[in-house]
């Protein structure tokens, strides 16, 4: 029945989610300004469904307790633009590095590559910033990212890196054709961008590892390698899409292949790391995440093979570049989705921590909390 | 001991003090069919079949007596255990479930055989009228006697109350308790033992109950059984003891003190009875106790009439007694609604209540509302009651169209408590003033405003009338000053009238003992006299708890006389010394020559423990210095009630109106005096073993909502906590019937059918009774068709059937059926035709009554 | 020059350096709003003592008012009954009394009507008074058919009162009794 | 990072009656919107978890085993736990927050400044307890503030004030620890042997260096949806930075190598 608003005072307060009448009550509390869409449907489905498993005693008796299978940690709220940023930002960082190196080693012969890398650093950073801003809950406040410098926060570090690479690459790109003092300033900026580009290319791996998401946490040693390699491959693939000088193309190809090899090796390491806890690695073994992960790997291998074969046909190079881009993108999305799946599964967290891979891993103490007489700690030491 | 109440859920802040007691070492026992949030923190949870509490408590009585655990000094001196009862009295043990005096024709008891030996009439005020109504005999004897003539303080006389109680309850052995209640023997014994171990001189135990006890066809007797336990253990009138009624509404106590009830005038003065109270003399004669507080009845009544009719109430016109309407039987809510459904009521006021959801048998209520000429509802938002013509289930199904309903409906928006001054009386008799914070918005007004201005309009409409029936309106004292632009009557002026004043100079009275029967005082409610003593609004007192004793006498004001613990004389031994240092509360100060203590003593302050009434003593002087229970004419607590109850002087286990088992005790299955409404739109199930309705249903509240939901279902902060109507069933029943957790189920009785969500839980355990499994279904009842959250009203399932003493419905134990899935638009109510076909063979009758033996009639009772 | 410095010192990074707060986890990162944060009760025009309108326990409440509107309702710590506590319902009193669900005008449904209509309060009061008088006069009985004294009307009934003030119940009982209405009942029977 | 004189909560679940007064008192004081009205069939828990608009959440755990010291006929028990932001001594959300929106206050609590937060969502992933969250339509991260505004005025947090049974106690964390330990001993003496403290200090929960809002529980943390051995992600991150550094150097080396070894076959 659609009779809600017919007689009540709801018309006076339409869209006021607290159901408080401003004629009678003042809304000035801490969360009084928390906004809720007028149509609740815009928030999407409720974050939980009816608990349809019987709570009968036999079923609850299992030792592997959870709270109605609800997630213990919150799933990351990031949208698709974030893995896309991993790609763009990584490519920008890697390009800045490659550009700076090319500039230092053989500026005269690799001029187009240097300039291209400068632009790629600048555009990648700008695009990346745009992608990040579009993910923000309050995009108009994006400048707050530079409000403080928090060394504890990879995102804060990354924001400064991104801003730095963006600004320096941008400056160096604009000044690429200048001579004299300006030209030298451009060169200096490019070196700076290259220096900052080194961490920028892979810091996002640290960023996602510094979360409570079990799979990301478990993969924290190998993920930077994967991300760095992927960034190199991404940058190389993108650079390979447009014609360069032969030597430049060869440099890019070699750079990309190293990245692809590193990322493939890193993927193996990631699989090993997350599979230490059966439940943490589960999404990589079956389901959509595993499919994407394996497809990305296949694309990566194909791209690598195409790049590695002798001969320099343009179509093949383009195919390798496209495959490499797809592989890099797929990998980022696979890692991203792996984290989300892992966050949804409370047992991933519980098993990880029960196995001594929670705080115990770094503090060295058996901090697992349990009631007296509970077998939890014994189980921990046995498993861990 | 918490029984008949889910205190943690329904009175969480009251439960604070239970948890405090637990923290200090008290044992908390919760007896309840369900494992609730109260059970979860209790030391002992006893699952009991809904509707079998008398058997459980009777078992405790039996345990106390057979193990000689009773507090002998207390029992002998402060209760009527030693009184000798009439030789005509016959017990349920003798008459297969009936007491002597039952008349199966009228279904009423003649109570004369229950009285004390040698006594012509019982002394209690409230029931004289009932007595006359029930016996049909006019009152001709002299004033009621004060006390039993004979006592046997050795408690050995076979007809002394103690021996009668002992015999009566001897049947309730642990085995019988297990059989009737489904409570394992060991668990029962543990409870009985715990209770006895925590009672006596050094310790006290308290009972808390709520509507889990009252909403039965033997509800009053549930409480009586607990009272007998507490009397035997010496737990009444002592700190940490008592039987605490946990009342569900903020001023529900106040609304019985100043009653919006049909049978009472303010201060528990009975309404005039048409058959007997021809004039004030008769009225006073019938209601004045010979001893105790009620001996001053004429003073209370005259002062009330003076407060209402002012100068028009004079000695020479019987204090305008003839202005009062008379009652001629039961005019309680269910009676009224039944009359309404039959078209005999034309206009209906409903203020701050939602009976379509909150009481029983919604469909019959709706039928009644459809038959009205006009309906006035005052509330915050339109409830199911005021929208019955628009959103009721009959309308939604298309069985009734709004165009066909003739009722004219007014909805008046009510002012919130924060928008008006006034006092609430809480569950412990404390009057607390709340102050107005802001002006009411729009046309929202207080009930004070509504009533005052309605009264002024009616006075205007009747102005100049010479009809004698209109005199009460014209002479009504109705001159309260008003405040502000909206002309809100001054609530303090009303409270001053309630407090009482001297007619001559308007001086505020300070205690009810100052009231006179000569017209010199006026008082709106004698028990509230003193609440405005000295011109101070005492309910508004707010001395912080940290700045006074734990009794906190300077926080608000308690009736009567600011006594926080009634009958507290019993906290001292007969000699006036505290029973123990640990449980010291009120005691006799021999040097000062007066009672003193932490609280205001509930006894004439200068009456020494040694006082014994002389032969000429009258009124309060007839009570000795060892009589704590001053509202009773003999000053004793009554284990055996020689009067006051219409369904027996002692509690006896009867099955609910609709039960799953045949009563194991007697041929008499149900309370023989219960109120039934025998009409086609109120069908009952079989008394037991109805194959159509094999499960026990019980209804209850949740913390997150308030009764019928009018104050909670519209609030998002509460609605999100319990957003939908559901039932609670055991995993065993869920498996048996294929019910899915979170899925839908349809629950059916002969009255109606509702669809609800399912919550499968171990907290509603099946019971083993008579060697078979009996499933229970729990139903919270807060939801309806209006508000932010919806659900069907559980009370649509309940029949009209009630306790005979107080006309309270039975909602806590009945039978019904459950099936998985929704019923969609096929849902029906009995007012639109039968829901279930009647049984074609008479396997078990609707009711069973024993062949008449001592009851005085050879006729077999009606069987349905 | 000073302007520039003031402006700069509003940038937390500058404060971070100034205050030697390398991690910027604490006060350097505070916004002016956070620095000035105070409870809204501190600015209330008045605090009114009240009592919870839900169950019979009678918990004390404090109602904070600013500009004629309620800003907060919470437990009264002075109360020996509740010591400042409230249950969920009591804690929701703010929403009960300020809620958008409350209707501010009289609603009227005429016989056989299908819609609510809004009518003025004074008109509605007059209409109710008229109906009370008419019904009372038409259904008055001095004696019952059996001959017992009655002096009453059974044509009008009343229900309610358990959430009303004592003073209100008093006027209800007083006026309705004077009118000869006896079918008066309330939640206490339920 | 140990704040001297830090304020916090000690939530004793053994006296909780599951009334949810804390949830509503919190909503009232902070004037939070509801979280939607959905029947979940999870015992009496229809708000499911802490979130952007639910800063106190009561968990309901129905168990087929009895609780120590309690006598029941069917051997069941029902646990309630009022969950809240833990205001960790080392807080994942705080250390992750890039904007400085999240700060450590003078009361040792962790506070999100709603006028600063830009909704990057990093705090949400950084919380090992799943406390902080963002609400669609608003975009900012929200969680319990430990009633920062009230503390500034000398008032206790709304939930602790409302709690009818003092299950939620507010005070100096040092004092709360002493109270909690005394309570634990009392419970053990009364036969509730399964009772234990969760997160009361750095020794008990090294991963967070202790919680300013800690708990007394009687079942495994998992039953209450609490992690058994939580850790602030920052503490585990050093290997990732090292790995990154190595990878970055590797990339630089690869770049040098690639550039240096590249050949101009087109010209050769």
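Order of writing sets the chain letters: A, B, C and D. Residues in each chain are counted from 1.
As a convention for this text, a contact is a pair of C-beta atoms (placed from the backbone, for glycine too) under 8 Å apart; a residue touches a chain by one contact, two chains touch by 3 or more.
Because the structure is a prediction, the values reported are computed rather than measured.
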Winner on C-beta contact pairs when B-C is weighed against A-B | B-C
Chain whose Cα mean lies nearest the overall Cα mean | C
Quick one: report the Å distance separating subunit B from subunit C, using the average Cα coordinate of each chain.
-> 27
Compute the distance, rounded to whole Å, between the mean C-alpha positions of subunit A and subunit B.
-> 66
Centre-to-centre distance between subunit D and subunit A (centres being mean Cα positions), rounded to whole Å = 24
Between subunit C and subunit A, distance of the C-alpha-averaged centres to the nearest whole Å | 50
Could you list the positions in subunit A whose residues touch two or more of the other chains?
-> 7-8, 17-21, 23-24, 28-29, 50-52, 55, 57, 147-148, 150, 152
Going by the touch rule set out above, which residues of subunit D reach two or more other chains?
-> 19-21, 23-24, 27-29, 33-34, 36, 38-41, 43, 62, 64, 76, 95, 100-101, 116, 148-149, 164
In subunit C, residues with contacts to at least two other chains = 12, 24-25, 28-29, 40, 69-70, 72-73, 77, 85-92, 94-95, 97, 99, 101-104, 107, 116
Can you check the complex and tell me which residues of subunit B touch subunit D?
-> 8-9, 12-13, 15-16, 19, 23, 35, 37-47, 183-184, 187, 190, 702-704, 716-724, 726, 741-742, 757-763, 765, 788-789
Subunit C residues within the subunit B interface of the complex | 46, 48-61, 63, 65, 68-70, 73, 76-83, 85-93, 95-97, 99, 101-114, 116, 120-121, 124-133, 135, 138-140, 142-144, 146, 148-175, 177-190
Partner subunit A, residues of subunit C touching it in the complex = 11-13, 16, 22-25, 28-29, 40, 66-67, 69-72, 94-95, 97-104, 107, 116
Residues of subunit D defined as touching subunit B within the complex | 14-21, 23-24, 27-28, 33-41, 43-44, 46-47, 62, 64, 69-74, 76-80, 164-166
Parts of subunit C lying in touch with subunit D, wherever the complex brings them together | 12, 24-31, 33-34, 37-42, 72-75, 77, 84-92, 94-95
